[in-house]
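See below for the structure under consideration.
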Amino acid sequence: MSEKKTTNIILFSGDYDKAMAAYIIANGAAAYDHDVTIFHTFWGLNALRKDEQIPVQKGFVEKMFSRMMPRGADKMALSKMNFAGFGPKMIKGVIKKHNAMTLPQLVEMAQEQDIKLVACTMTMDLLGLQKEELLDGVEYAGVAAYLADAENGNVNLFI
Amino acid sequence: MSEKKTTNIILFSGDYDKAMAAYIIANGAAAYDHDVTIFHTFWGLNALRKDEQIPVQKGFVEKMFSRMMPRGADKMALSKMNFAGFGPKMIKGVIKKHNAMTLPQLVEMAQEQDIKLVACTMTMDLLGLQKEELLDGVEYAGVAAYLADAENGNVNLFI
Amino acid sequence: MSEKKTTNIILFSGDYDKAMAAYIIANGAAAYDHDVTIFHTFWGLNALRKDEQIPVQKGFVEKMFSRMMPRGADKMALSKMNFAGFGPKMIKGVIKKHNAMTLPQLVEMAQEQDIKLVACTMTMDLLGLQKEELLDGVEYAGVAAYLADAENGNVNLFI
């Protein structure tokens, strides 16, 4: 077991603001020299979707999920005050004004900092998401892999 | 203090998908030989309700809460894309298709694996839920009992 | 490093019921002799707002956020069954009936128990909240300070 501290975040939420919080904590922990993993499950998987449409074979219900869910971090909605998409524009406006980072920039920074981005294979199955639709460099695993990391973790969060 | 690792989950949410995530992690941790506790509070208590109506005496507001809240795991709504109940049908459809487990099956599995299912007595009072309305085998405790478990816990999550 | 156990809660949510849960756990942990910190970020900052209007200079978008967000703990909405403000009235009714504590009372108790209430400066900037608008005695810090506390924490929760 290494002496490095570890941070393990489960990102369940598909909200822009919650995913921002997850990635800000993760990037902070990596800068703080933690080993960091973000385990994306359910709606959190959308943060890892490529923003273009990828031609893959899907069943009917899986196709419906794919269409209704946001394609990539930039298209996610706010948990509060979404106002049919106006809220995210306000947030992105203030992010720009204050020189803060957008969610896609935070995801890119996480990859540059070697944060382990994991996609939960079981929920990918349920929602009909395929590896071709997710960002390059993502790892694929299940709840056992998460627990193996988290049981020795210092900061474990469910977001 | 035993050498066994422990997982302590607070289930606050009354959403079908979030409760599924909680029970999947809990069952995984139990299979991984952790001592596992799920502490149900606020809307998370609904996952423990029996699905039939139980005749108990209640005040007016408590009766309203009881009627408006889902009676049992099977009737809970999705946190996203609920679409007036169509979302849960889609999820249950894909669960069946992929031979995954429904939430009531996950709760049953948790009981078979001796996961400690705790109902928060303080919020039961607030929402007017009585022991007769909850599943057999549930334990009753407050925040002090949760903290006694969690302060030595390995994986602590709020869902 | 002290031998005292520590509880570190990130309060991201602006929901009355979730903030209640956070403050109940925090007050319980303080009574249990933990060092307790609540780190308020995003909508969770609203729990720390003073309930009167404070005259401060703001940009247009920041003014909109200020107006749309609840001014203080008492005005926050429920995560479920809010029913245009009727849900919180029901909850406050049952809180009174059962001699439980309201959210503003829980915040006050936290201050009396020396729970460290921290406001996240980065999200204050984003939402245009200024120190004059928040309760006296609040501390101001960023994600690095949170991680320094949490990496040695016993109970770390994201709410």
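A, B and C are the chain letters, set down in written order, and residue numbers restart from 1 in every chain.
We adopt the following convention: contacts are C-beta pairs under 8 Å (C-beta built on N, C-alpha and C of every residue); 3 or more make two chains touch, one makes a residue touch a chain.
From a predicted model like this one, the values you see are computed outputs, not experimental measurements.
Visitor: Please categorise the chain-chain contact pattern as a line, ring, star, complete graph or other.
Guide: complete
Visitor: Since chain B and chain C are copies that touch, is their contact same (over half of the numbers shared) or different (under half)?
Guide: different
Visitor: For chain B and chain C, let me know how many angstrom lie between their CA-based centres, rounded off.
Guide: Here the centre of chain C sits 25 Å away from the centre of chain B.
Visitor: Indicate the residues of chain A shared as contacts by at least two other chains.
Guide: 156-158 - these are the residues of chain A that touch more than one other chain.
Visitor: Would you pull the chain A residues touching chain B in the complex into a rising list?
Guide: Residue positions touching the partner: 10, 12, 14, 41-43, 59, 61-62, 64-65, 68-69, 122, 125-128, 143-144, 146-148, 150-153, 156-158.
Visitor: For chain A, which residues count as touching chain C in their complex?
Guide: 5, 7, 17-18, 21, 24-25, 28-29, 31-32, 34, 79-81, 90-91, 93-95, 97-98, 100, 154-159
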